[in-house]
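Please read the structure below before turning to the comments.
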């Protein structure tokens, strides 16, 4: 069994003992789901996005999640201020560049964040990460474009590793196959279920899970794997329990699965390989 | 069987093949429900409301939904900009004038939108639509006032037809009996369940469904009928399955019902008549 | 049986007959839950937070709930304007000082609200209320710190009574034991379940329930008791029905329990004592 996988799964226990406070600056579509999944996995969420208080809130936290969905200009300065406060305090910054490539505002903001903040974990879909890596991407709104996946896995892994090295960060690309790398170590995950794309915010929630894991342990690649794997396995369990009922029940079962997840369940369901 | 009805129901298939991208500028109370129901019916939601990017996002979309709930001044200009971008691109604009009549800000904004944007589908409750038609209305917050329904259906239908002609748009008034008209063709729908009014956002979600259907086909009356009927039938199915458990389970079952709806189920449940 | 308790429980019937309109200025994390629980208990929610309309909306309402979670500067003036409009109209103001103590912005805003608005019911956790009472508090984000509970119940009751007298308001401190007092009459409630703290917004929802009850009857201590007790009993019922499934199902069952609650169920489950 992969050592990386084993260590990641065991982090779920330390997360629940530590109960890290995870500061989110995020979008208004999925913020409630992000708060609930952070609680479900065993961490504690705090949402605060006014630039008059955000740095003070970050100073209380164990990790910071910046999510660019429904970006608005009022909170861009908050993201930068909190990102810098997190860097100063030495807590991990998880950046979810929702919709990067879809508008100039998002592109410029993503550029500003990557320039002014040291991002520790970059989690997005293939189109978003390709865009940030400077490659051409075919963004259609906030979902990954099929054209971007058509090239196959090998070039995506190369791109992720290169970006991770260049930015000294963990890159987590989620999709049918998830790619997680710190530039040296790389794990692919093939868990999850297509129905996850029929519920809004599963990407945002995945970033919250990554923020929760990363707030509890120092090895951020392990944290990113823990978060992404928890989402994938929870998706499979939720589909088994409630998938045939519809997306409403599936979404409830997804939260149930995260809140009752154990390291053992993660290990048993994991379909991963190191590359 | 009504030709209008039959054609509307069959649009559900084309919607699911097309997967239209539906841009929403909407309120922060029900935005998550709107995103989830858009996914459930088979379309793809994108929410973006900063005036620095909204027109660019509209340019990616197949339809635009403007919803005035929790209106704030930051997004009024966004609604106007996106509305104009939609008009230029020739994609349908669905306008949900939540709470029109309840405050000067809402009244003025609704007026501005109707003046500066060509709205293609106007969906609201009787009080809201009456207000926009220039009649006296008895708005009590965001729900239709009972006084406005007391006059009976015939004058409401006349008012709707007149407004549809005057504004060259489809008017969709939802209530115990829904009235849908483009000024020439008119359909009344008697589906739905009173429990729908015990869950927040069923009106907003109905507008998202209308936006989803209208993003997939050129006949906007058919699209409006498809969206309103889907909501009504889903409400009946959800009540049968979960109504006795309470409003939490009913809400989950509502999303389930939309995500598993078929044209055949719509036809079987439909209680409609042309006038 | 406690007279206070009996009177509170019977208020649920009058609430459902009155259907008070409850104006909320609240946070974007839990606003949907607040709207749904307001509907579930039998009241009618309206959310509006732009200072261009908020006072007009308050003028339509039977009570006002001010909630400081995800405070932002755009809505601080709205809270003050609506608070003053509520005072002028003579409808109750429920203030939920989410995260008081956690940042200067929140502390200053709470101070401003308490100075410029007559708050009728103050509902928060022990850390928040201690902070507002001018005692040292150990705020960790938006949850009550364990250190603040360690002192025991007697000093907390004394503090609550003193604060209620000083501010001429009802103080409702929620926690393992809830303390409700108007300075003269005091009731402790020991309902609820720890799983309530694993779902976001149960505090906010509790304030919405208090706002709903207080919008229906003149005795605000009874209203506060009704709201807090409904939340606690609903938590117990939800845990019995769905707790073992996980936090997703528990949350759905919580809403179900509120929407099907009766005065009789409240009385049967109540674990309260006057002090």
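Going in written order, the chains are labelled A, B and C, and every chain counts its residues from 1.
Methods note: contacts are C-beta pairs under 8 Å (C-beta built on N, C-alpha and C of every residue); 3 or more make two chains touch, one makes a residue touch a chain.
Since the model is a prediction, treat every value here as computed from it, not as a measurement.
Viewed as a contact network, the protein chains are fully connected, with every chain touching every other. Taken over every residue number at the interface, the positions common to chain A and chain B amount to under half, indicating a different-residue contact. Rounded to whole angstrom, the centroid-to-centroid distance between chain A and chain B, based on C-alpha atoms, equals 33 Å. Residue positions of chain A touching 2 or more other chains, listed in rising order: 28, 32, 74, 251-252. Note for the complex: chain C touches chain B at residues 21, 28, 31-32, 35-36, 39-40, 44-50, 52-53, 56-57, 60-61, 74, 251-260. Taken together, the chain A residues at the contact with chain B in this complex read 27-30, 32-33, 69-74, 99, 102-106, 140-143, 197-201, 245-249, 251-252.
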